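Some notes on the structure that comes next.
Chain nomenclature is as follows: A, B, C and D, assigned in order of appearance, with residue numbering initiated at 1 for each chain independently.
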Amino acid sequence: MIRERTVNAAILALLVAVPAWAQWADEPFTITLATRVVIFAVAAVGLNIALGLGGLVSLGHAVYFGLGGYAMGVLASHAQNYSPLMEWPLQLDGTKSMPVIWLTAILSSALAAVAIGLLALRTTGVYFIMITLAFGQMAYFFAISWPAYGGEDGLSIYVRNSFPGLNTLIPIQFYGLCLAWLGVVLFLNARLARSSFGLVLTAARQVPQRVEAVGLDPTRAKLVALVISGAITGLAGALFADLNRFVSPTMLSWQMSGEIMVFVILGGVARLFGPVAGAGIFVLLEHLLGGISEYWQLFLGIILLLIVLSGRGGVVGMLSGRGATHE
Amino acid sequence: MSAILIVEQVLNGLQSGVMLFLMAAGLTLIFGVMGLINLAHGSLYMVGAFAAAAVAGATGSFVLALGAALVAAALAGGIVELVVIRRLYGRDHLDQVLATFALILIFSEGTRWLFGSFPLYLDIPDWLAGPVTLPGGIQYPLYRLALIVVGLVIAAGLGLLISRTRIGIQIRAGENDREMIAALGVDISRLYTLVFALGAGLAGLAGALVGAIQSVQVGMGEPVLISAFVVIVIGGIGSIKGALVGALMVGLTDTLGGIFLPELFKLFTDPAKATATGSAFASMAIYVLMAAVLVWRPTGLFGARA
Amino acid sequence: MSMKTLMTAAALAALAQSAGAEVKVGMITTLSGGGASLGIDTRDGFMLALDKSGRDDIEVIIEDDQRKPDVAVQITDKMIQSEKVDVLTGIVWSNLAMAVVPAATAQGLFYLSTNAAPAQLAGKGCNQNYFAVSYQNDNLHEAAGAYTKEAGYAKPFILAPNYPAGQDSLNGFKRFYDGELAGEIYTELGQTDYAAEIAQIRASGADSVFFFLPGGMGISFLKQYADSGVGLPVVGPAFSFDQAILQAVGEAAVGVSNTSTWSKDLDNPANAAFVAAFQEKYDRLPSIYAAQGYDTANLLVSALEKADVSDADAFRAALAEADFDSVRGKFSFAANHHPIQDIYVREVIKEGDIYTNKITGIAMEDRANAYVDECSM
Amino acid sequence: MSEPLLATRGLTKRFGALTVSEDISIDLRAGEIHAIIGPNGAGKSTLIAQICGALPPDAGDIHILGRDATRLDTRARARLGLARTFQISALAMEHTVLQNALLGCLGARGTPWRFLSDVLRNGHLRSRAEATLERVGLLDLAAVRTAELSHGQRRLLEVAVALTLEPKIFVMDEPMAGLGAEGSRHMTEILSNLRKEAPILLVEHDMDAVFALADRISVLVYGRVVASGTVEEIRADPTVREAYLGEDA
C-alpha cells in the first residue's frame, strides 16, 4: 500500500510535469485541459472545506462558482464596452485586471455564503442538501431571465483579463497562475484542518452537542466554514470564466453543483488532495470517453457508480489503502 | 382578470400539483423508510413515459401503455434497488447523492441509446381528448380533469395502503424504528425492494400520464425531480400527507405565480419589462416558498425528525 | 484523440492523401443529451454535401458540445490549438455561439454558422470572418409577424420563453406586426406545462396565436393547445415544426402555419437532389438543420474552388460571393454576412403516415435583417 | 451554609399531557456531591437537559452562581462555569484523545478563531490538555484515535473534557454507565477528589457508587422529588424504599 503522502506528491508532480511536457511538445490543448483540471480542483477544494471538514453537504456550490464567473463577466464586459458599472453614488468602472476581479469574486461569493448560510444552517441533514439546492436553482433561474447581463446567452469576453507582468493569453502562463492559486488554497486547507478553527469545525460535524457544552458555537463555525468554502469556489468561478473567456447561467446550474461534488467524492472526502485527484480523473474521463463513444456519459456513470459502491474513500483512499475517513 | 380564468388556473395548479404528488410520494416513502436520497427518481419517471410511448405505438392502447409504464418503472426500480441501492442504505447522504447522480447518467444515456435522440410520440386517447364544459361555463380539457381525479384516487389509495394494510404497518414501523421491525420478523430487504418498486411505479405512471400532454424525451425527469424535492422538503420528509399538501402548494404557487407576478409588476413598471421581470421572479417562486417554509419550520410542515 | 470523429469527406482509400489535407474544418455541434437530434441533422447534412462534392482534401473534425457553453469553448480551444483548424462551424444554439464565435474570429478563424445567428453577432459585434449561412435569428419571427398582419389577424396573442432568444423573438414579431396584441407572455425556459398560458389565451379574446418555443417546449405546448379546444389559428417559426419534432407532436400540429427559410417541397433542382440524396443515405426526411448544414458545406466548397483558405482576404471574398446552388433558391449575403433570402410560409400536413410541411406562400421576399446598419464592417 | 452554586426553583416541564418535571427545587453547594437517583423514566435526563440549557422549562427558574440563567443557552451556561458529561459519550470519534481534550481547553480559554496556526503546537493549551489527561490516567493514550478507546476509557475522557473547562459546577449524567466493578471504583475515586475543585450534580444508577460518593441525595419519581437528604436519611426513608428500591415496606 502506498502512503497518502506519496499519492499526494505524485499528484503534485503530475500537475507540474504534464503541462511542462505539453509545453515542450507544443500541445497547447493539453495545457488547456490541465488548466481546467486545476480550476475545478480549486472549486472542489473549496467545497471540501465545507463538506469534508464541516460535514456540510452543499448541493448548491454552483451559486458561488457562478457568482465568481459573473464577477469576472460583469466587470470585464463593462471594461470592454467602456460603460461604467455604476455612476451613483460614486463612479465605478469595469476592469480587466485579474487581481481586482478575483477580489470581487471572493468578496461577493463570501457575502452570498453568509446570506445562504444564515438561512440554510437552521436546517440539517437532507434538508440542508435540499435548501442549498433550492438557493442554487433560484440563482440559476434569476440569471437566465435577467436580461441585463446576457440572460441565458451569457457574457462573452474577447480577450482574457490581464495580470501584471504576464501574458495570460499564453496557455502556460495562465496555467501557472491557476496552479499558484491551487497551491494557495491547498495550503490554506491544510493549515485550516490543523488549526483551532479546524478542530472546532470537525468536532461540530461529529458532536455538535459537545461543542456547545464546552461553550463554543458549532453553527457559527459551520457558517464561517461555508463562507471560506464559498469564497474559494467563487474564486475558481472567476478563473473558470477567464479560461473560457465566457460566463453563462450553466455555471449556476444544479448539474454544476453536482459535478463539483463529484470531484470531491471521486477523489476522497476530507482528503487534502482528494478534490485534485477527483477533478483530474473527471476531466480525463470526459476527454477520453468522449473520444470513444457518443454515449460516453453512460460509461462515466458506470465508472462513478463502481467507485462509490466500492466505498473506499475515493481514489486517493483506494490508492493509499485507507478506508473512508469517517463513516 | 375574470373569475372564470382564476378558477381555471386554480384547476391547472391542482392538476400539476397532483402529478407532482405521484413523484413526491415515492421519493418521500423511499427517504422515510430507507433513509435514502434518490436523485434517480426522475429517471424512473422518464422510463415510464418511454415505456408508455413504446407500447402505445405498438398496440395503440392508452390503457395498456399506462400499465406498461407502471410495470416497466416498477421493474426498473426493483432491479436498481437489488443491484445498486441496497448497498447504499448504510452509507451517508454523500455517497447516495453521488451514486444516484451516476444512475441518472446511466439511465439517460441508456435510454437515448435504445430510443435515439428524437422525442417520442404519445398522445391523449380519443375518449379523453378535447375540452368539457364545467358548471359556470368553464371550458376545461377532459384529460386534465381526469389527471386530477386519478391523482386524488391514488393519493387516497396510498393513504389507505399506509394506514390500513399489513404492508402499510410495516412501512410505518420502518420509518420509526428499523431494528424493531427486523426484530418483529419482517423480511426487511423484501420490504425495501417493495417500497422502492412502489415509488418507482408511481413515478413511471406519472411520467406516462404527463407524457401524453408533454414531450417524451431524454432528460424530461430532472426538472420534475427537483420540483418533487421541493415538495417533500416543504411537506416534511417521510410524510405522505406532507407530500400531498406540499405538492398542491407547489403546483398552485408555480401556476398562479406565473400569472399574477407579471400583473403585479405591471403596477410599477411598463408592461414589457414587467412581463420579463415578473416571469423571472415567478420562476423562482417555488424555491422562495421552500426556503421560507424551512426557515419557519426546519423539518417541513409535517416532518417529524431532523 | 478524435478516433470517432475523424471523418474525411472522401472514401477510406483517399485517407492516405488526407494527411496533406488542404483544409481542416472543425464542427462543434450537439450530439448527446436533449438537443442531439438538431446537431445530428446538421452534421449529416454537412457531410452529405461534402460527399457529393467529391473533394477529398477537406478534413472535418466533429466534436460533441453537449449543449454546454463551457464544453463548446473547450472544444474550440482544442480545435484551434491542437488540430489547427481553418474553419469552424456547426453550433446549433445561440448561447453556445456567443461563447465561441467572438473569441474564434478574434483569433482570425472563419466561422460559418449552420444555425445560431444572434443579434449581437449581426450588429455591433459583427466580424468579417463570421458568416451566417442559416438566417439572422429574428428572421423567422419577423416573417411570422409579417404573415400575421397580411393574413388579416387583428389580435394575436404572443408568447416565448423568458431568455434572450425569446425576447428577440417577440421583438422580431412586433417589428413587422404593428397592430394590437391580445397578450404577451414570457414563459419559463424549459417549461413543460402550458395550461396556465392556454387559459390566458382563451380568456384574452385573441384571434390568433404566435409562439416561439423551441424543442420539447413546443411539443408540449402544441399537444396541450390542441387538446384545450381553444382552436385559434397558430403561427410559429419553423423550429417547432421540424421534421423530427412533428412526429412527436402528431395530429396536434396539422394545419398550423409556420415560417421557414426552407421546406422539403421547395421547387428547385438543388433541393430536389438534396432531399433525395439525404433520404437515400440516412433513410429519413431531412430537417431545416440538415438543409442549413448542407448549404454551409456547399458554400465552403464553392469558396475553396476559388481561393485558398490560407489567403484569408481572397477566401473571405469568395465566401461573400455565395456562389453555390442553395437548396433555398435565391441566396446572397448582406453587408453583415447574413443571408438575403425569401422566407416562406408552410403548413403542416399529413403525408401518408408522416407529418410534414408544404409551402403555401412567401412571407417576406429578399429579407436581409434589421442589424445591417449597426455593423461597421 | 454557603450560597448554592446551582439552584432550581419550581422547575416544571410538560410534554403534552405528560409532566416530566414537576416543581423541582434542588441545589448544589460548594464542595459537595449531590446525587439524583430515580427509576427509569423518572425524568432525570430531562432535568439535566433543562439545567444545561438544552431544553427550556415551562415554569420555574435556574440559578447558576447566583445569576438567573433560565434564559441563557447552553453555551452561555458553559461560559458561566457549568461543565457537563453525557450519558452516551459525546466525543469526536475521529479525533485523538488529545484533540478532544484540546476542544475543551479552547472552550474554556482559547479562541476558536485561529485559522492558520497549528493548534497542537499551541504550547499553553496543549500543556493544559495534557495535564488534565494525566489526572484521569489517559495521557499515554493522547495520540490514539478516540474511536479506538475502550468504553471505560471513553467514560474517563468524558470527565476529562469537562475538567478542561476548569468549571465551577459539574453536571454528570451517569458517568459509571457500562463500567465494570474495577472501572466504577476508579471513576469513584476520581469523582471523589473532584468535589474539592467544584461540586458535582451527579445522576447515577450505580447505587454502590452513589452511596459511596454522595453527600446528599435527591430521589426523583415521575418527575417529582419525593425525598431529599443525607445518605443515611435516604437509606432509611420508607417512601424511597417503596417507590424506588422496590421493597415492600
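Please note the rule applied: a residue touches a chain if its C-beta (ideal position, glycine included) is under 8 Å from a C-beta of that chain, and two chains touch if they have at least 3 such contacts.
Per UniProt, the chains are B = Amino acid/amide ABC transporter membrane protein 1, HAAT family; D = Amino acid/amide ABC transporter ATP-binding protein 1, HAAT family.
Since the model is a prediction, treat every value here as computed from it, not as a measurement.
Q: If we look at subunit B and subunit D, which chains touch each of them?
A: A
Q: Taking mean CA positions as centres, which chain lies farthest from subunit A?
A: Comparing chain centres, D lies farthest from subunit A.
Q: So the centre of each chain is just the mean of its C-alpha atoms; given that, what is the distance between subunit A and subunit B in Å?
A: About 31 Å, centre to centre.
Q: Just how far, in Å, is the C-alpha centre of subunit C from the one of subunit A?
A: 36
Q: Report, in whole Å, the distance between the mean C-alpha point of subunit C and the mean C-alpha point of subunit D.
A: For subunit C versus subunit D, the centre distance works out to 75 Å.
Q: Among the residues of subunit B, which ones contact at least 2 other chains?
A: As it turns out, subunit B has residues touching two or more other chains at 108-109, 112, 276, 279-280, 283.
Q: For subunit A, which residues are shared contacts with two or more other chains?
A: 141, 144-145, 147, 295-297
Q: Residues touching two or more other chains, restricted to subunit D: which are they?
A: Residues of subunit D touching two or more partner chains: there are none.
Q: Determine the shape of the graph in which chains are vertices and touching pairs are edges (line, ring, star, complete, other).
A: Per interface graph, the chains form some other shape.
Q: Could you run through all the chain pairs that touch each other?
A: Result for touching pairs of chains: A-B, A-C, A-D, B-C.
Q: State the interface residues of subunit B toward subunit A in the complex, per the touch definition above.
A: Going through subunit B, the ones touching subunit A are 31, 37, 84, 87-88, 91-95, 97-99, 101-106, 108-110, 112-113, 226, 229-230, 233, 237, 276, 279-280, 283-284, 287-288, 290-291, 294-295, 298-300, 303, 306.
Q: In their complex, what parts of subunit A are in touch with subunit B?
A: 51, 57, 59, 119-120, 122-127, 129-131, 133-135, 137-138, 141-142, 144-147, 254, 258, 261-262, 265-266, 269, 295-298, 300-302, 304-305, 308-309, 311, 327
Q: Which subunit B residues qualify as touching subunit C in the complex?
A: 1-2, 4-5, 8-9, 12-13, 15-16, 108-109, 112, 116-121, 123-124, 129-131, 139, 141, 143-144, 210, 212-220, 223, 255-256, 258-259, 262, 271-272, 275-276, 279-280, 282-283
Q: Which bits of subunit C are touching subunit B when the two form their complex?
A: Per the touch definition, subunit C meets subunit B at residues 32-34, 36-37, 40, 162, 167, 184-190, 192-193, 195-197, 199-200, 202-203, 215-217, 219-220, 223-224, 227-229, 244-245, 247-252.
Q: Going by the contact rule set out above, which residues of subunit C touch subunit A in the complex?
A: Spelled out, the residues of subunit C in touch with subunit A are 1-5, 31-32, 63-64, 68-70, 73-74, 77-78, 81-82, 94-95, 98-99, 102-103, 106, 118, 120, 162-165, 167, 186, 188-189.
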